[in-house]
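Comments concern the structure below.
Chain lettering (A, B and C) follows the sequence in which the chains are written, and residue indices restart at 1 in each chain.
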Amino acid sequence: MTDTAAQPPEDSDGGADAFAQALRVVEALLFASAQPLSAEELARSVPAGVAIEEVLARLTTFYDGRGVNLRAVAGGYAFRTASDLGNLLAAEAEPPRKLSRAALEVLAIIAYHQPVTRAEIEEIRGVATAKGTLDILLEAGWVRLRGRRRSPGRPVTFGTTPGFLDHFGLDRIDDLPGLEELKGSGFIEGRLTRDLAVPVPDDDPELRADEDPLGDLFTPLDENG
Amino acid sequence: MTDTAAQPPEDSDGGADAFAQALRVVEALLFASAQPLSAEELARSVPAGVAIEEVLARLTTFYDGRGVNLRAVAGGYAFRTASDLGNLLAAEAEPPRKLSRAALEVLAIIAYHQPVTRAEIEEIRGVATAKGTLDILLEAGWVRLRGRRRSPGRPVTFGTTPGFLDHFGLDRIDDLPGLEELKGSGFIEGRLTRDLAVPVPDDDPELRADEDPLGDLFTPLDENG
Amino acid sequence: MAAQLPFEEDGPERDGEPALRVDVDGYEGPLDLLLDLARRQKVDLHRISILALAEQYLVFVEQARALRLELAADYLVMAAWLAYLKSRLLLPEPPRGEEPSAADLATALALRLRRLEAIRAAARRLASRERLGQDVFARGAPEAVVAGARPVWEAELYDLLSAYAQQRMKRVQGHISVGQRVVWSLVEAREALQRLVGEAGDWTQIDPYLARYMASHGLPAREMAATVRASALSAMLEMVKEGVLDLRQDDAFAPLYLRRRSARPPALPLSRGDGP
């Protein structure tokens, strides 16, 4: 780390002061918050006229190589401990939730294939989803109910949450590992053959053309309902 | 802040490396810990031969004047937001509290069964609703008074608000999963549900046939509902 | 449905051991099994022989059944489909009709396998990422910040749904007196049949006897028809095996007859326990 890292740009004294103060404010906010904060949220608290991207870039460089790093996750920014210290810290932390192979596979299908219905998940895996698998992913806050597919039966569609991105250290859903290869393999090339292609994943909360916000046609799910 | 602050003492190369690593480790431990950590606790994780007091002194100097400071507090050391930035924190406004189990149940029943009266909620839950529970939901802005049921006693009917949809990430109230989906996602065990009906939720603000406007006869909830 | 529960478990290590393990519990369904078999062909999934794969799968299912392993229905459905595909692949292709050609079916299956493999690879890469709370850590003592403008009350949709579901289930459980499971156990069936065998020197029709037996024991014959039939048949087959009795059925769905096995060989060729 160099001492210039934390120095404001030298445009003017007022600007420099404002920038220095913005660095402190953003540092304090990001240190205090457990959840990532977006650039917009952070911008609200810094002096007017300060470019928040510049503040974030400066802080990122500054914390690079330290015990705590500034990372871009889930569309925002958060301080996270340096990954090479994981073993040291994991000893103190609660043991993480162990995901079964099935749960991990279902999570991957939801992540890469979203929005996806339960039937589509089962089609890909060739097996019924055991009780508790989706439950675990919903409980962990990684998966959410998105809406309903505009198709017979109007099944619920699943997608991932910002918590999923945060947990796996992804800034955007496009950052999913291996996405390029999946595209290259042809499984992700749009919706070619309805049954075989994996669509480009998209966690945009906006509903798709073939998704409905479960509407008027919702039929009772139970004969008593 | 000066650049020497984070530099290790220059005793030897090996010592310098060990000290630099100790700085990172202590920084990460203090960041990730929920409680202040004592010098003894921190010493256990740093390379042998590194004086923990020196590490702490160096970090304290380093963070002095930044947005976050390293402070000696009861029980050890902890990062704290710089005191002049206290206004950034919503600390005085209390951190968000988790909704109680009872409140969650009442809220869910209102969401699914609206418009619903207090007596009907109690009928579904099988227990009396504590006075504060509905107040909390009203105060949170998730529940509203809709009208009065056209029945003896003219009890107030409750329903959910757009704020409810917003908070829970729902586009529409009938995005709430139905019985089959509750089963499919593991919330409900299939075998027990022969008699279980989950209604299709409907938050249409239009009053129902058996609802009257709240009107002038408004009386306190606890006597009436 | 022996293979239903273990789906959640981590499968045992599959480190290319040559012997075919008849370990259905280790597989997460027929497609998983097929993929594992395909890997053993040690060729690129693009060049896999679907015919060889179908044969291996059918052999696997045969072995599993020979070892009396219970196979979940979906394994058997896949076996039936593969047997069909195999016959289509071996027979000369008929003039193009409405059905997809055998080659198309084989290609579609190969694609499904490749897709599953691809998503598995993706899952592995996802799992190997640095994870929050495991490799990297957030602030241990977070504070509410003004920028976030968090609400005073916190609740997640998951908590809401789970509270609702549990509350509703609790009440339903409170209302339903869980009906006694109407099951006629194998032991009961055997007891009843033993009595019948004592009386049955000659061919005796079983159903009327069972109906009388149920009635005389105050059991609801109609509600219990399925369990009585299943348990009686199992018990009878067991007793045939032990050489206690003979069974006869003249035609599919025809009445079953039973008689005590005598010392002399039976006069008629009997079909043992391969009724409907």
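The definition used in the following text is that a contact is a pair of C-beta atoms (placed from the backbone, for glycine too) under 8 Å apart; a residue touches a chain by one contact, two chains touch by 3 or more.
Only a predicted model underlies this, so the values are computations on that prediction, with no experimental measurement involved.
Taking the mean of each chain's C-alpha atoms, the chain closest to the overall C-alpha centroid is A.
Ranked by separation of Cα centres from chain B, the top chain is C. Centre-to-centre separation between chain A and chain B, using Cα means, comes to 19 Å. Each chain gets one centre point, the mean of its Cα atoms, and the points for chain A and chain C are 37 Å apart. Note on chain placement: the centre of chain B and the centre of chain C lie 43 Å apart, centres being C-alpha means. Residue positions of chain B with contacts to 2 or more other chains are 28, 31-33, 81, 88-89, 169, 177, 185, 187, 189, 193, 195-196, 198. Residue positions 137-139, 143-148, 156-157, 162 of chain C each touch two or more of the other chains. The touching residues of chain C, when paired with chain B in their complex, are 137-141, 143-148, 150-157, 159-169, 171-176. Note for the complex: chain C touches chain A at residues 4-5, 7-11, 28-32, 34, 74, 78, 108, 111-112, 114-116, 118-123, 125-127, 129-139, 142-148, 156-158, 162.
Interface residues of chain B facing chain C in the complex, by the touch rule stated above, are 28, 31-35, 78, 81, 87-91, 93-99, 101, 103-105, 107-109, 111-112, 124-126, 136, 139-140, 167-170, 176-177, 182, 185, 187-189, 192-196, 198.
Residues of chain A that touch chain B in their complex: 1-3, 6, 23-29, 31-32, 45, 66-68, 79, 81-82, 85, 88-89, 92-93, 118, 129, 131-136, 138, 144-145, 147-148, 156, 205, 207, 213-215, 218-222, 224-225.
Residues 1-3, 6, 23-29, 31-33, 45, 66-68, 79, 81-82, 85, 88-89, 169, 171-172, 174-175, 177-181, 184-187, 189, 193, 195-200 of chain B are the ones touching chain A in the complex.
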